[in-house]
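Same chain, two partners: chain A is paired with chain B first, then with chain C.
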Partner chain A sequence: MSDVTLTIDGRRVTVPEGTTIWDAAQTLGIDIPVLCHDPRLDPVGVCRVCAVDVGERTLPAACVRAVSPDMEVRTDTQEILAHRRVLTELLLADQPAVSQREQTTGDDKLYALAREVKVTDIPWPDQSERQPRGQDASSPVIAVDHQACIMCDRCVRACDDIQHNDVITRTGKGYSARIAFDLDVPMGESSCVSCGECVAVCPTGALTHQSLATTDAG
Partner chain B sequence: MKQFADSANATFSDLTETATLCPYCGVGCALNYGSDSEGVIHYAKGRDGASNAGRLCVKGRYGFDYAAHPQRLTRPLIRRDDAYPRGPLSTFSRANSSGPRKPGGIVDYAEVLPHFREATWEEALERAASGLAKVRDTHGAHALAGFGSAKGSNEEAYLFQKFIRTVLGTNNVDHCTRLCHASSVYALIEGIGSGAVTNVVRDVENAEVAVIAGCNPTANHPVAASFMKQAAAKGTGLLAVNVRRPGMASYCEQYCQITPGSDVAFYNAVMHVIIAEDLHDQAFINQRTEGFEALAKAVKPYTPEAAEAMTGVPAAQITAFARRLGQAQSAMFFWGMGISQHVFGTDNARCLIALALLTGNIGRPGTGLHPLRGQNNVQGASDAGLVPMYYPGYQAVSDASVRERFEQLWNVSLPEQPGLTTAEITHAALEGEIRGLYCMGENPFLSDPDMNQVRKALSSLDCLVVQDLFITETAEFADVILPASAFMEKRGTFTNTDRRVQIGRPVRQPPGQARQDWHILRDLAQRLGHDWDYADESAVFDEFVQAAPLYANLTYDRLGEHGRWYPCPDANSEGERVLFGDQFPIGRGRFVPAELGQAPDLPDDDYPLVLNTGRQLEHWHTGVMTRRSRALDALAPEARVEVHPSDAKRLGITDGSWTTLRSRRGAVEVQAHITRDVALGTLFLPMHFREAAANLLTTPELDPFGKIPQFKICAVALAPLSTPLTPPQPDAVSHAAG
Partner chain C sequence: MRLLSELESIQASTGALTDEALKAVAERRGIPLYQLQGLRSFYPVFRETAGAAHRIQICRDGPCRLHGQAKAKALAEALDDDSRIDVEYVSCLGQCDCAPAVAIDDKHYGTLPQASDIDVLLDRPNALERPAQPLAAPLPTDPYPTQTQHYTTSREWLARPAEQVIEALEASGLQGLGGAAFPTARKWSFTRAAEGGPRSVICNADESEPGTFKDRLLLEQAPHLIIEGMLMGAAVINADTGIIYLRHEYETARQHIETALEQARAQGVLGDNARGPGLAFDIELFISPGGYILGEETALLEALEDRRGEPRHKPPFPVTAGLHGGPTLINNVETLAAVTTILARGAQWWRDQGVGDYAGLKYFSVSGDVEHPQVVCLPWGSPVTQAIAACGGMRADRDLLAFSPGGASTPFLPASAADTPMAFETLREAGSGLGTGALFVVGTGRNLADVVITQARFFRNESCGKCVPCRSGSTKGVAMAYDAVNKGGRDISQPLSELHDTLMRTSICGLGQVALLPIVDALKTFPDDPSLKALQKDNA
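And now, the complex of A and B:
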């Protein structure tokens, strides 16, 4: 496999053919924000937060777009920053007021991104009151809050491709689309083996550890 | 307009993440515990370890809270004078049967604790030391024995066996490896000269096929299982052989369900086909092995048709299995307790080793022998000499020159006589030959076969010292209970199933006056006149490495956060993943033919079914840890006996209904779970639940070589529970009350 040389934010880098822009940027120490991607997972490019400017009509997602020779990538133009900020606002629009993830493991990537891009006001409609997306507390160890889910697909890939338990899937359409367990049964009644890999990869408060203090009388 | 609510939780600003390990199984997953300044663990996160690549299972992810359980012992305890004669103290432990009308859950402190009084360390150590010394002076050193633990670190295992050998003066020291892979280790040392795995789990991704024999990795080694499943998704052909359908069967090309105890017939038939169809690796056999002719002769009568009658597996399936394995360029062999826990466990393991030698599948990437080790440090505890026949590093006690070397190293004279194994120690106690026992982190009352005999054995002792986190069922019999430290309270090295030596680090302090296990050992040794002095755990490790050349080139500094494999050929090496590429430690590998044996305790008209015992995903061994984990206890609060639907229908048993399960030794009452995972005529009962204690039923017969009990076969009768039930007693010490 041959190598490809390209430029990212004015810096030249040579990587093997087939490398994604996101991975190439990592080798330069450029951290392109992303919510749906994790190096342990195959990228799917659904959150679009990692969109970059390669001089095309549209902005490709860096996590899935492979590098090409002499590509000129910009990761921090005004357009990119505006794009990233609007996407973040849209994802935040119907998030719960408090991130359950920040209360349990303290690593909510969406909230961290919101702080990074300095979101203050969210000028988009909040559907959550008219059409709440629901919670599932049936598992003694994993709390599911569909309201906090951004459909990034990380949990589905973690369950299928890392742990190979094949429990989590997607169901519904449009705003009612959500993750589901087996044939859409409550998580606690599904074939879930509680490995917690989905919680580990979830970037928001959608899948979090149940507080151990509330699973029992003690 | 909605505002962004910046909800960053201030309590997380003072959390520290400590790089350590999972305390449970032999996979040895690396993880970080996030803990606060009080030592409260908030979460476990997978770390990029060599064996887990960031993954964890339910036990590692959620089972860490047992260390903070309110039942933790915080002061040394001494048995009150009116609690003699020695015997079990709780209603549960006194009963020779168990079930819903007997107390379940964990030990009821309200019932047991009044029989003990709190003592100072000074008094407790004096009582322990003088009790053991009195037995030694009255009955001789061989009337003493020690049970160490494969849950302790290498340093603790090393010091424990050193204590028993040098301070007490006997080789009667063993631990729970005897109950899991003793027969595998015997067969491996005999066949290739090394008891450890020849290749690591994750190399399954390089294997064309992998045999998953007598093990249930999705429940017992879940993270290892995830790599097997991943390999299968990328083309590795998994071939499972079991009496009970393992979760892995869904990912296998072929699953052969054999009848209990017929493993030798199955593998002999596979070898028969491989030889008959010329699929064996003649070059490997010529260059690397001896004894092929005897093996070929021994497997000759095991035609697939003959084996079909013995194993219940259709001849065509056996042939297909043999061809897939024989034609593969590379094959790995994983096995578990379904192979080892038989009176012919050694023969079962010999067959798998012969199969690997026959097909030339040792010493290359994607090949190898891998008995999946159970406890997090079962490999290390054996390496450290926590077994009666070997000093650290598998150096035979019976070898006079070895003994001399250890006498010099330890500056004592050592006993010549090899010691007794776990179950032999129990049997010897019944005969009155063992009078004193020191038990560190083991719970033989629940873990050893035939509980009614174990109860008698423990009751008969003159001295029992128990060192543990909780009052275990075994500790009910103790003179002295010494409060010890949990995994997440100690620093030490742990050797996983892959031979990877990794450091566990403390994230919290032992509660109250509880102490580090190795400090207790050191203090007892000093009290008995031995000048033990170690600066810290790494100094103990260095002495262990000096004693065991097996661990050469390893030090705490070099192990760092990620550990290394042993053997480690030089100071800069990561250690060796794949062993024996050129030759075996004994030169040529040995084919050891095996004939199908007859299990004791087979079914008859009165006891028509075969009971299999084992583990389940959410729990761990005798439940001392996992039943004190709120998450794990909530996920799996009850024992269930697995019954085939046709047996259930015939016996009038429905899913969830109460049954009586009776063997020739005892009875338990337990709810039924109807499933086709078990074959017709067989049952499965997990070993973790004392209210349905599997070992009330099991038989004490041992494998003649590995001395491992036959946990996998005992004849039982199953019937619906006829008498109306009073509701199960609520656990008197609930989590809230305890």
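And now, the complex of A and C:
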């Protein structure tokens, strides 16, 4: 396989053909933010916060788009920063008041991104009252908060592609789409083996470990 | 058998895809349950439980809402207690000439009936009223006066080098008529040049944008033109597989296509030697399990590979890596039919049909406030006023207020633009687009805000949910518009425009890119419209 030379934010870089823009940027120390992408998983490019400008009609996801010769990529224009902020706000608008992940392990990636892009007021309506997404406490090990889920698909890929446990899917369509287990049964009644991989990859408070206190208290 | 086809068959015979049925499928095929749940929940044809003995579906989109909001509400209320019938509102049924349109038991389509006629219709659903469609076989673009002459064009052209077919299409100026306007000769040429396999030709017969129903006419009245166009495509790109991807609401078209395919096979037009000695080509008719998004060509490919119909990232484009990773030629119904016309009559004849420098004939779906909504066939470059006149003019009590020339994704233009020639470039310059050629006419006295919010609501309803801007942005944008209309108190023109910019630039596919365009554009084009004022000013 041959090498490809391109420019990212004015800096030239040479990487093997087939490399994604996101990986190429990493080699330059340019950290393009992501929510749905995890280097261990096949990229799906659905959160769009890694959208970059390559001079096309639309902004492709850096985690998916492969480099091409002489490509000129911008990752930091005012326009890109504005879209990144809007996308973050759209997701934050429907989040529960408190992130279970931020409360426990303190590494909620959506909240971290919100700090990075300096979200202050959210101008978009909170849909959680009109279309609440619900919680699922049926598993003794894993707490599911659909309201915190941003449909990044990480747990789906972790469960089905990494662990081959084949339990999690996207169910439904459009705004009412969410994750589901087997034929959409509560997690505790599904074929889930509680391996914890989904909790490990979840970027938000959607999938967290049940606290012992919660379990004891029922 | 395709997994989706098997699920459709279970759904049709038992009325539902129950957990028990899916567990049996999973065991038999050795596939995980989550995969079946993903499919069952994505496609609107599938249901978890069977419901009542009968189902009446009422279209809630553009032209149907314009004509029948009150009638639909009255019918739904009258049938509320009727345990025999489930009533539901659905996205555009592709029957905009029947507006307000309904479907009875997923098989019969026509104009919304009175509640008092329901008992008769449940016994004889064929009695559902439908307006006459003045255009019938042979259509103006059909080169064959009689059925015995069908397929004589391909017989002649299959003997020639493929390059000559591409040259003829190039000379005709034909562009993709599904809305994208990509030059057909270039698409065929790219696919021909792409290496590898499997190689397929797909007819996209999934037109589902509100106001669009012209392909239905072609599929019903001239399926042989489409089959012949696909055969020529197969010869040019060296494909042995053809698929017609048909929206499930086109029941009459399905029957006519099946008959035409059988005839073509009986004549040897399709089969082991279709493209020449030893060069096979046959066509499968695939019925879509529903959803507008499946008309997006890569979502369509996902469905044909038994997955949720969520659009792929492009590149790669289907011409190089489409169905099962092989080069795939995907064309719209009207485009494939036009290929046959052009090869039969010659590129010059085709060019001569248009007005002035415009080439060819175009089918327009005309709906809304015209006297007789219908499909009309007009020369390319005909003004919008001519399409309205061809439908008997405006309805008696209304003048032209606004029109959307090409489907819900093409912005409304004011009456002052009605002399614009109907062509891709002219309507783009006028601030809209030809799209699929679905002219939705709105008369004076209508609530334009309601019309454009309904268009955006359609896209929200049909979002696949894959990417954040479309899934969340379309929902919030439409909610903001409704709140502004119903509650007032906030000028949403600026934030909505900002949101639209993000959707337009970062959504994966065209649906999200245009989802809020109908509202955002109307606020600019119709600054003085009284109904739209509610979205623009602080009116608390």
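Keep in mind that, in the parts below, the second predicted complex is superposed on the first by the 216 of 218 C-alpha atoms of A that agree within 3 Å, B and C clash if a C-alpha of one lies under 4 Å from a C-alpha of the other, contacts with A are read in each partner's own complex, and residues count from 1 in each chain.
Rule of thumb we're sticking to: contacts are C-beta pairs under 8 Å (C-beta built on N, C-alpha and C of every residue); 3 or more make two chains touch, one makes a residue touch a chain.
Since we're looking at a predicted model, the values are computed, not measured.
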Inset, instruction - Could you check whether chain B and chain C clash or fit when both are placed on chain A? - result: fit
Inset, instruction - Kindly classify A:T58 by the partners it touches after superposition: chain B alone (first), chain C alone (second), both, or neither? - result: second
Inset, instruction - Scan A:P140 for contacts with chain B and chain C and give back first, second, both or neither. - result: first
Inset, instruction - Using the touch definition from the top, say if A:E129 reaches chain B (first), chain C (second), both or neither. - result: neither
Inset, instruction - Considering only the touch criterion stated at the top, classify A:E197 as touching first (chain B), second (chain C), both, or neither. - result: first
Inset, instruction - Report for A:E102: first if it touches chain B alone, second if chain C alone, otherwise both or neither. - result: first
Legend entry - First (chain B), second (chain C), both or neither touched by A:G174: second
Inset, instruction - Mind working out whether A:R115 is in touch with chain B, chain C, both or neither, as first, second, both or neither? - result: first
Inset, instruction - Answer with first, second, both or neither: which of chain B and chain C does A:L90 touch in the superposed model? - result: second
Legend entry - Three-chain overlay, closest Cα atoms of chain B and chain C, distance in Å: 9
Inset, instruction - Indicate the residue numbers of chain A shared between its chain B interface and its chain C interface, in ascending order. - result: 93, 123
Legend entry - Interfacial residue positions of chain A with respect to chain B in the complex: 40, 92-93, 97-99, 102-106, 111, 114-115, 119-123, 126, 140-141, 161-164, 193-197, 199-200, 209-210, 212, 215-218
Inset, instruction - Going by the contact rule at the top, pick out the chain A residues touching chain C in the complex. - result: 45-49, 51, 58-61, 64-65, 79, 82-83, 86-87, 90-91, 93-94, 123-125, 127, 130, 150-151, 160, 166-177, 180-184, 191
Inset, instruction - Enumerate the contact residues on chain B facing chain A in the complex. - result: 1-9, 12, 15, 34, 42-43, 45-46, 53-58, 61-62, 65, 70, 218, 222, 226, 229-230, 233, 251, 617-618, 630-631, 633-635, 734-736, 738
Legend entry - Partner chain A, residues of chain C touching it in the complex: 19, 22-23, 32-38, 40-42, 291, 308, 313, 460-469, 471-476, 479-480, 483, 495, 498-499, 501-502, 504-508, 513
